[in-house]
Amino acid sequence: MLDFIVKRFFQGILVVFLVLTAVFFLMRLSGDPTTLFLPQDASREQIEAFQHQMGLDRPLYVQYGEFMGNAVQGDFGESLRTQQDALQSVLDRLPATFQLAAAALILALVIAIPLGVLSAYYRNSIFDRVAVGLTVIGQAIPTFWMGLLLIFLFAAQLKILPSGGAGTPIHMILPMLTLAFYSTARFTRFTRSAMLDVLQQDFIRTAKASGTPTFPLIMKYALKNSLIPIITLVALDLGELLGGAVITEIVFSWPGVGRLIEQALMTRDFPVVLAGVFIIALIYTVINFLADVIYAYVNPQIRVK
Amino acid sequence: MAESILEIKDLKIQFQNGKHIVQPIREVSFQIKAGQTVGIVGESGSGKSVTSLAVMGLLPDRISSIPSGEILFDGKELTKLKEKEWRKIRGNEISMIFQEPMTSLNPVFTIGQQLSEPLKRHRQLSNKEQKAAIIKVLKQVGIPRPEQIIHEYPHQLSGGMRQRVMISMALLCEPKLMIADEPTTALDVTIQAQILSLLKKITSKKDRSLMLITHDLGVVAEMCDWVVVMYAGVIVESAEVNELFDRPLHPYTRGLIQSLPSNNERKSKLYAIQGQVPKPEQVKQGCIFANRCPLAMEKCFQESPPAFQEDGHLSKCWLQSSDEGVVR
Amino acid sequence: MAEDYLVKVQNLKKYYEVSKGMFKQKTIIRAVDDVSFSIKRGETYALVGESGCGKSTTGKTILGLTDATAGEIYFQGKDITKISYSDMRKLRKDFQMIFQDPYASLNPKKTVREILMEPLRIHKKFEGKEREKKIHEILEIVGLSKSHLHRYPHEFSGGQRQRIGIARAVILQPDFIIADEPVSALDVSVQSQVINLMLDLQKEFGLTYLFISHDLSVIEHMTDRVAVMYLGKIVEVAETEELFENPKHPYTQALISAVPVAHPREERKRIILKGDVPSPANPPKGCPFHTRCPFAMDICSEKAPEEVFFTDGHKATCHLYTNSKEEIKDVIRNS
Amino acid sequence: ACTEETAGGEDSGGEGSGDGGDSKDSIVIGFESDAATLMANTDVNYVTDAQIRNIYEPLIERDIETKDYVPNLAESWENIDELTWRFQLKEGVTFHNGAEFNADAVKFSIDYILDESNQSFYRSRWVDIEEVTVISPYEIEITTSRPFPDLMERITEDLLIMEPGYVEDVGNDTAANEPVGTGPYQFVEWSRDNHLKLEAYDDYWKGEPEIKNVEFRYIPEFSSRLSAFLSGEVDLFKNIPVDSVAEIENDDNSKIGEASSSRINYVALNTFHDGPLQDQKVRQAINYAVDVDSLLENVLNGYGTKITGPLSPVNSGYVETEDYGYDPDKAVELIEEAGYTPEEISLTLETPSGRYPMDNQVAQAIAAQLGEIGIQVDVSVNEWGNHLERIQNREMGDMFILGWGPAFEQQGTIGNLFTEDAPYSSFHDEEIDQEIYDANGTFDPDDRFDAYAELQRKLVEQAVWVPLWQQADLYAVRSDLDFEPRVDERIVIYDMSWE
Amino acid sequence: MASSIPNEPLIPEDDSLAFSQKTKAAEFFTSLLHSWTGLLGVAIIFILLFLSIFGHWIAPYDPVKTELTAKLLPPLTDGHLLGTDHLGRDLLSRIILGARISVIIGLSTVLIAGLIGTVIGIISGFFRGWIDIVLMRLVDVQLSFPFILLVLIINAVLGAGLKNIIISLAIGGWVIFARVIRSEVLALREKDFIQAAVATGVSRFEILIKHIVPNLFTPMIILASLQISSFIIAEASVSFLGFGVQPPTPAWGNMLSEGKDFIFSAWWLITFPGLAIIITALGINLFGDWLRDTLDPKIKGK
């Protein structure tokens, strides 16, 4: 167990390190942020002064070395745009992102698992077909389109929900729905197919043969087996929801990490991009680790005694 | 004859996969008397498992149906039962041991949890009583340290142990009939011997009936009182066990017995039945075995033979018809 | 005499390193643990034992499908454990394998013709027309026809596939064939067809078989000598008839006694072994069988037994025979 | 942080709904992005500036009608010599924290810009300042290292006064998040990328503002912004695409505010590379072939004010220049005179997307217009950062669309666009270079005006670019809000009121 | 979408995978006729391909021709079936021509990503050892990052445009191919028929090319068909953020991006391209699902 944790810890560090390295060089390749920050009328000398000030005129490897040296100490530098501590800016956005992701995830699970279970149980019935149809359509709808549609309906036409911003729980409804939509489709499908898989297993027949009625059979015997693979998927999706909700965050003006990174990308605010990438890679790694641990916990076959 | 615990009459079972209809069970009739161990032998795909599932009411929903025939259990017609009524029977009056001990237990529940299931469904017992009852059967099937085992998960047990757990589960509610579908095929020889002797011990006590499904004639010879030989969804021969081995009537049964290596001289060519078992959709008119039968006659290809019977020894072969005379 | 041995295996070891589950440490599985035996030209040598005892691993290691951890394998007097993959390739025309699972051993994307052509092509045997002729010939020998040439494996039944597998193995006319449970996946009626085929081929081509099986009645029927394996070790070797008549090792005895009878009236005294085969990852100390042995003595759990030789090359590895004969009888009687 | 947001959100919801009727004293203003920092004198971006100008104040303001400098925190000023300026400051002004406004604050604010470690983006404009000297508590002197006529402009446009005691006390980081100024509104709460809340400063020296509570809300997506406006969450926001104007006009509670901005849009004709554009005649031809009126009418729905030269009438020093007008025949003629046929000219036109009103649509329409006379134009759209970088690195293709401003001084535009150093027009001519240099050094206002007037005429004659228009700044405004859009894009809440 | 996750198991059981040439087509066809979802998917894909090839002839108007006097016409006016956009371009024509871009992007990304991923997966799975470790770490690195952000970052480096969006999507998308193919190869390696080939003396290279690769086609095709739609959607998302295919080239993503500002005034501008994307993704997904169900007996199941 300890072995495993130590191994995963170092693996995680390696992964985060490599991600940072890759993004560092990618960002430098993306161009020079100077023009974006200085006034348009800045002269050549002024530009050079800025580059010098920001350390952009030094050889890449020196910049990289310094960046890594500082990053190890949790110092990603200051945002070029806001001059705030880059890491802090990202951390400040994290709660909003977490809130949204958690809400969306819970919503998705609450809808998807019963739907997937029923769908699998009533395989090939009308209900199943409708459910499967919805999931296929759900996976075909781009997030931003869904977002726009919801804004159009609930904010512009019906005027019952705010179109964006954060603050009250009401503000969260539309972005949560948007984010949950895709996940719900995925989870439903996955639950359904995991359930179908399980329902074909011999041990289900065994349970039936000992007179177990349908409801406990499904809820107790089959679902627990299906939940095990779902955990991995949920972990992956949580990662995606945390880091990949860029579009939803933009459409609904949600002050989260994704939007911050996108903005930083557009303005080539390197320190913020890197800090954001760092946090996301870290979260991913941690979530995956936790998923493995939970997986091992609920799956007695690999649990340590 | 009177106390047959299970009687199957002219059972037909069909599966429908989309527009495809197959009938893997076409004519099956046999009975099991109280206290008897009846062996059902036949090669892969002959319909042994499907038959047993029909007796348990576990044929897959929607895609399977029983177009005709009856299954009488203790005088009760089972084919028309509702799911609720089935539940009272399953695990309680009829129980089943499956072929694959590795996959027949739920990997995420402890042995104890799984064993308590039939008790929960069919007996009103306190937790303590449940535990006591479980430990008792576990001891009965020869599982060491049952108090510990009930807290373990299936994957922590070996194949033999798991099969014992399956057997104990089948025994828990003292059913009138047990069905064992190839309970030892997946096991090693030495473990197989353990399990067979256990089953023997169990059936010899009280009068438990056992329907033992196998493809191994040796197991039949070892275990059974009565034998039913199936071939491609049809019962071709059925007889008392000694009678069957001494005087097999159907060429298929004869072939099976003759091809046992121990019935052949060492290093000589084994007796072999030519060809292979037809799939359910390949069945043509006439005797189903005709195309592989060394004694096949014209008639065999045209008309399927009825069940000829002689002192309870049944055989579905034209050779038994009076005008041809009984061979041997 | 020594030249008579086609295959000679000496102190062969094959250990697998596996990590089970994500939290668990690596464990070493001693699949084959110090095994020596020799196979004479033209004989059928059987390897018998329970699941997981290392039969297949032994076979695959001999064929160089996995590398041996230690030990030597002599084929026609040459040690083949030390030669390179490409040198080994050339040798392969002389030894072949028949696999257990007829469904997994044929490439589903290739026709029968392609499957049979490959060995000829690889070893540059014959030219164009002749190759076709050879393929037709071999198909006929294994009981298939030309009409099957362009079909894919999935269009055949298990028995037919096994025939194709056998055809592939013998098309190069090798000297030596390892058959790993060639019939255990087959139906009873087809099983005898395949056994007959193997017997025929042996006669026709003078093949030497290493026949791996757990089915003692088949072994008794068709093999010349038997090695009994238990937990990666060979515990007894004897001529087949001798072994079945006069098994020495308690494990062999139990194994033979466990075979179901052929007739309901036949009586047989059973030795029912207690417990299960221990894991090869964690084999018992001393004699690996002592945990289940009805005759286990104190020494069995302490010291691994030495080989004991009886008449006609019959040998067993058991402490019962390392002491004097008298004591043995006592032990057996008292049990 | 979550609880803060929630708490903040609740009362904002109350204000935002805006149905309080007569008792209404709060406003919600939508912005496409957050302020980069609330520190004054740091970020040049208009979004930041527009917001913090309600907190901080400049020394001098500009009358947007007359374009004259008018006193604010400075009461008067004089030029001692070409290198020395002296300012008299207003007395009795207090910062939000109660501290007195005085000369120290001014010196501190300028020094803040000049201090390299503060990384002010304004610093580059202020490098010619030599020293700031406090003469008396309400008198200050600035000396420059060379004649710097532009200083007035810089003081007016850039400089905002910070409270030195506060900044030194709490440090730059805190001051950047919780600003203290002398302006009409004081800081309440800032949730990054979410909102900024201000409240009226009771002791404001010009008198208490009418609107008491202000919230800037950040909504990056236009459609979300619009929907927030239409649903009443937001009372005011800027930058409406021209095609959405009707939508707002049709809404009963809304109106459109329009101002002709001092920001101009143009099509640059790149002469840095070899090619037909180095030929004056070809450049002129393109000027003839682009129908600016039609673009304005059809693409911009008439929102915008046509310009004909390098400056807009808003700029000081503007003189009227000749309009090329739309004359495709003349264009073809000129091209042929230059030794080409239109068909053999193939040009690229690069544009950002969404940076200026309808920018990429304008580019596509221009391509179509040039296509009419046979010139093949390939439009490509650049991400904004790339666009700027390509210009800066002189990697731009033949033509590109860019905006400039808001600027008032002629030097700010001409000096920064048409010299060899400045790539933003990508036009360069040695003679003009020299004239610009000379004009910039001219201190006498009249001489300076004449020099620039001449330059404007020359630049038009050279057809250095295709002048398009002054951007129309379009605001969506709650109909009962008294709000006058300004040419300088500033949003002065102090001047607003509810009817 | 990188979560183009191991949704359902992709590894098909080998034996029912194989169809003999003759029966293959027939069996395929009948199985298609029996599945209306599969048929619908195929129909949509055919329409899409048809439009992308013959779009120029079918489109009623020049899709890039601006007609400023006829801008923002609602559907069904003046011969514009789906209306016009803010530059007076015919929406229907643009959607028809946009199909081509979607097809190009879908196919070429899946081709590039599939190729890279497959090659890496094969190398990793077949040769194992250190190269496997290195490559799989690379995969880990990439998987510890949201797909869409990755694509954005790469696009920020490369700049916008058709070619670049394809490259960035491919870079973002190869991982899943590598993973799936690697595990397929690992599974194949252990198969008896590979062992049989080794035993016959087939060289390693030939084993790879003749025995392993042909058995990868099915999982590759299934995976590819399931990935295409996520690439198409991802392109639209990236275009929505301003990267991606740039105007005036008609692509559904940039049409949406341009149209989103008109959500209140001209609903058709985001509605129809959006529907086009959805229908396309739907069609491809249906087809992919059907393909998997047909080729993968595990799901088809008993």
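All chains are identified by letter, namely A, B, C, D and E, in their written order; residue positions are counted from 1 within each chain.
Note that in this section a residue touches a chain if its C-beta (ideal position, glycine included) is under 8 Å from a C-beta of that chain, and two chains touch if they have at least 3 such contacts.
To keep track of the chains, here are their UniProt names: A = Glutathione ABC transporter permease; B = Dipeptide/oligopeptide/nickel ABC transporter ATP-binding protein; C = ABC transporter ATP-binding protein; E = Peptide ABC transporter permease.
Worth saying up front: this structure is predicted, and the values here are computed from it rather than measured.
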> Which chain's centre, taken as the mean of its Cα atoms, is farthest from the centre of subunit B?
Replying inline: D
> Which chain's centre, taken as the mean of its Cα atoms, is farthest from the centre of subunit C?
Replying inline: D
>> I'd like to verify one number: the distance from the centre of subunit A to the centre of subunit B, where each centre is the average of its C-alpha atoms, in whole angstrom.
In response: 53
> In angstrom, rounded to a whole number, how far apart do the mean CA points of subunit B and subunit E lie?
Replying inline: 50
>> Nearest whole angstrom, what separates the Cα centre of subunit B from the Cα centre of subunit D?
In response: 89
> Of all the residues in subunit E, which ones touch at least 2 other chains?
Replying inline: 156, 260, 263-264, 302
> Mind pulling up the subunit E residues that touch subunit D in the complex?
Replying inline: 64-66, 68-69, 71-72, 86-87, 156, 159-161, 242-243, 246-248, 260-266
> For subunit C, which residues are in contact with subunit E within the complex?
Replying inline: 60, 63-65, 85-86, 88-93, 95-97, 99-101, 103-111, 118-119, 122-123, 150-155, 165, 168, 172
> Which residues of subunit A touch subunit B in the complex?
Replying inline: 124, 201-214, 221, 224-225, 228, 298-301
> Contact residues on subunit C for subunit B in the complex?
Replying inline: 50-51, 157, 159-160, 187-193, 195-196, 199-200, 214, 216-218, 220-222, 240-241, 254-255, 257-266, 270, 272-273, 276-277
>> Please output the residues of subunit D touching subunit E within their complex, sorted ascending.
In response: 221-223, 226-227, 230, 241, 243-244, 246-247, 294, 298-299, 353-354, 358, 360-361, 364-365, 367-368, 379-383, 385-386
